[in-house]
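One chain, chain A, appears in both complexes that follow, with chain B as partner in the first and chain C in the second.
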Partner chain A sequence: MFARTSTWWTILRISVEERLVYRGDFALSTLMRFLPIVTQIFLWWAVFSAAQSVEPGNGATRIVGYAYHDFVAYYLLTMISRAFSSMPGLASGICRDIREGTVKKYLVQPIDMLSFLLLYRIAHKVIYYAVAAAPFALVFYLCRDFFPAGWPEPQILLAYAAALLMAFLLGFFLEATIGMIGFWFLEVSSLLFIYMLFSFFCSGHMFPIDMLPGVWGELVRLIPLQYLAYFPAAVFLGKVQGPELIAGLWIQFGWVVFFIAASRVAFALGVRRYSGFGG
Partner chain B sequence: MRTHPSYLRVLLTFARNSLVRDMTFRGNFLIETLSSMSWVIMNLGFYVLVFQHTPRLGAVTDWGEYAFSWGKYEFFLFLSTTLVINSLVQTLFMENASEFSELIRTGKLDFALLKPIDTQFLISLQRVQWASLGNLAVGVGLAAYSLVRLGWVPTAAQVGLYLLFVACGVAIMYSLMIALAATSIWLGRNQSLYDFWFYITNFSRYPMEIYHGPLGTPLRLFFTFIIPVMVVVNVPARFLIRPLVPQTVSDLTLPAFAILATLVSLTASRYLFQRSLLSYRSASS
Partner chain C sequence: MAVVEIESLTKSYRVYHKAEGLAASLAGLFHRRYRDVHAVRGINLTVEAGELVAFLGPNGAGKTTTLKLLSGVINPTSGTARVLGHVPWRRENAYRRRFALVMGQKNQLWWDLPAAESFRLHQQIYRIDRDQYERTRDELTSLLSVRQLLSQPVRELSLGERMKMELIAALLHSPEVLFLDEPTIGLDVVAQYNIQQFLKHYQQQRGITTLLTSHYMKDVAALCRRVVIIAQGQIIFDGSLDEIIGRFGGRKVVTLLFSNGHIPGDLRAYGEVLSAEPPRVKMLVARNAVTATLSRLLEHHPLEDVSVEDPPLEEVIADVFSKAEDIGRRSGAEAAGRLVGG
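Up next is the complex of A and B:
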């Protein structure tokens, strides 16, 4: 037991150090990642000022229940959601390991691939938050006017933290499951691109999914992608409350469990199909 | 004997070779075309959603000198211009520019330098990415559809000016891209080239009128006059949408500035590229 813990601890430490090599570049690119939000701020301002000039009022125009500042706040919050749920290179990395045969190392060594990758991600994410905290804090401080309600209540914050944590787990196991497709197909880059596209659109990264009308909105709410970006942000903004919030958290938890199981099953089935050659 | 190669023939050979290569893997070509088109269609879906909640972008009243508001189909014409320009840039230059930093890292640029042809020409156009032309088709289709919905028939002069300024836009985008790629000689490796490119050109994607106010105006001025990405789409799009009667001063000065910006960008990026080549130290061997 102790030996095992120390193995995991070593993996975590090595991954942390590896990640810290490029910390300067890293903080800068985090700040750059907020640039597209600048265009969103102006786009929505143009939308709202037009909508207002059509129905002149006291400036309280709302689109699908979102005021102008809600939209901007929403985009900023999805940046946080994505910081937890996005797993760059996870699925494609697994596929590459399978294609090039390096997946062998997990099969012959007493290390479980999914646990190893999870630890590796946790290390990267922890360092990411440590380095990105400053740029994030700066941007949110500059944009504080878009949050007129200030901090939400403690229990909402708690639910928000839970939603973010589960967004991380869901993002990891969902992408890992997709990566397992590599056992069945050799070339998956275009498949991954299409997944990425759907994820961008349906997770609420591009716009709040409340904007989707009728059956489209219902469809997107049925699939788990919304928990990667939309749901945590909506929790913070108080768009989901009370029983709906509790139910949402449980459904998110259900999806996490589902994808943990799915990735395990896919890996077990994949390994049975897999054949490794050479040294 | 001719001392320099025929650039046109070399270009056509590049285009043919790339097409042959693409057609060798037809399934892959089709998937690439379809996936980049689906990206565009999803984006279009977003704007369709936006225009369900507002009849146009921006209030007409408070724009002052830049008074112009974009209705749904006017904005779609703008969007189709973005698509046309971006797909041309992607087809002709994108892959080559990202390949360039790889050439530097691996030292393979040596081979390009040894060839008896202009190095910038060679590395900029070596590979034509035919799959990106699918988006051009979407762009043209969207433009035609929007024009029909607007009930607006542009004159031959308008189309001519439109094409001229689309070419200027492509040239400005190319200059920016090659300048960014050239910096990879100094930095050794430029992985974030794509990111940087995306973040900067992001500002060309919307009508310049939306950048307004204490933060917007400086942004607009910066991305018009310092890094001229805002004239890339805005200028040609305007020629297609409005009658050829100048209504404000900027209707005349902006196109003139776009021409100037094109020339300056091309010259400056060429200079930067040549300078960066001087610092190239090859690798290994």
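Up next is the complex of A and C:
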């Protein structure tokens, strides 16, 4: 057990060191995350202005139950959700490793590819949070008026933390499973693009999914994508409470377990049919 | 004791077969034709502990596929193989800790970090005792003269230096079996020589069982006593280098130095003239006719000096390869792969 922990720690440490090599790219990618929120604030300001000629910020106008400040608060929170659940380059990286043959090192060396990639991703996220914590705090401080209810109860905060952690794991194992498609189809960029589009819409990143009417809303709530962005934000905002919250966390947990198993099975099957491309 | 035992090992791939042109590309959207490629066809081979065996063969002969099968990267279509008693494609950690695969065209080190970091990671992955790790690392870096480069990012190393680091990373856990796929590809002669010398020294010192593929005959001549020639996925020769020359190098190179400075006009009657620069002539003479030819030459022409050599290894091997490909082609559609609809 000690040996394994020591291995994990070394992988984490080296991943962190690697992340710190390209300082410029890292700083830019961290700061760029904050740009979309500014555009969203202005976009919904315009939407609310058009919906009613009164001052949109006064909270009087509501679109499908959402006031202007609810929208902005929701977007700020999905930004946090996405900081946990988004996995830039994970699926495409796995596909590239398969296509170019670098996946061989995971087959030849006594190391588990998924555990290695998970540790690598944790290292990147930890560095990201360490650097982005101050700008995040500043943005939330400047936007504090959009949260009229203030901080939620401690138990809600605890549930929120659990939802964020599971959003990270779900995001990782879901994308890793998609990446395994590379074992069957060598070119998957179009498929990944479709997934990204679908995920942007169905995870609640584009708008709160409880705005979707009827059967569409039901459908989107059946698939796991909402747990990547919408669900944690809804927990923080108190939109899901009591038994519904507990059930939501269990379902999210279920999806995490499902995709851990799916990625493992896909890897085992993929390796069996792998032909060792790329020399 | 046999370390590698291969029996009737076969690996076939199905590859998309696309005819030339836009029309064929459009047709390929609706109906695809696939071709079965038999990369390895029923290979049988045994390698004893401590042997250093070279796999030779033209491109696409099945050398790398065999190494991939033995290192567990791919699963076979049929047949069996055992390395150190393990079935490679089960990929058990107990096996993976006992061998190493180095591919000349693949980089396994962390590109942006110094090699020292990758070595540290290998120490952890392979669970190498700290003292042993430091000892092995220091020994290998001194042998390959790269100690001063340990803290330089891998991307800033030359190809030769990087290959040395790859070798060190592969040997840190003291593997019992080493698979080397083109370890000197793309390297300059000095780097090639250094790596050859290192491998020779290391192999002799440790008695590590090594399987090597290379296109450089110098690698093979310097390192391996046993050579396995693979062509069309089959082993067509298994023996020593000398045997290859004996069996396949049917002619010898005879160099003649004429004492009167003139080259006689009837030389074609004695053999194939390779070059003629007065007073020196180089010609190919059938191996079994060398003595008779020389005595006739000495009888009829004034010769100051005579030398008889084996032809260069490259030429002999190239000749063997082309003969093997001819045999493969003659064996027809069955050997070359069949076109199937799909």
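Here, the second predicted complex is superposed on the first by the 257 of 279 C-alpha atoms of A that agree within 3 Å, B and C clash if a C-alpha of one lies under 4 Å from a C-alpha of the other, contacts with A are read in each partner's own complex, and residues count from 1 in each chain.
We take it that a contact is a pair of C-beta atoms (placed from the backbone, for glycine too) under 8 Å apart; a residue touches a chain by one contact, two chains touch by 3 or more.
Being a predicted model, the structure only gives us computed values, none of them experimental.
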Message: By the touch definition at the top of the document, which applies to A:101: first (chain B), second (chain C), both, or neither?
response: second
Query: Touching A:49, do we find chain B (first), chain C (second), both, or neither?
result: first
- request: Answer with first, second, both or neither: which of chain B and chain C does A:193 touch in the superposed model?
  value: first
Message: Between chain B and chain C, whom does A:39 touch in the aligned arrangement: first, second, both, or neither?
response: first
Message: I'd like to know which partner A:211 touches here: chain B for first, chain C for second, both or neither.
response: first
- prompt: Given the touch rule stated above, what does A:12 touch, chain B (first), chain C (second), both, or neither?
  reply: neither
Field: Partner chain(s) touched by A:67 [first = chain B, second = chain C, both, neither]
entry: neither
- request: Go through chain A and flag every residue that touches chain B in one model and chain C in the other.
  value: none
- request: Write out the stretch or stretches of chain A touching chain C in their complex.
  value: 3, 6-7, 10-11, 14, 17-18, 21-22, 101-102, 104-105, 107-111, 271-276, 278-279
Message: Considering only the defined contacts, which chain B positions touch chain A in the complex?
response: 28, 31-32, 35, 38-39, 42, 45-46, 49-50, 52-62, 69, 192, 195-196, 199, 202-203, 205-206, 209-213, 216, 219
- line: Note: in the complex, chain C contacts chain A through residues 13, 64-65, 68, 71-75, 91, 93, 96-97, 100-101, 103, 105-106, 108, 110, 112-113, 117-118, 120-121, 123-127, 153, 181
Message: Could you list, by residue number, the parts of chain A that touch chain B in their complex?
response: 25, 29, 32, 35-36, 38-39, 42-43, 45-54, 63-64, 187, 190, 193-194, 197, 200-201, 206-207, 211-213
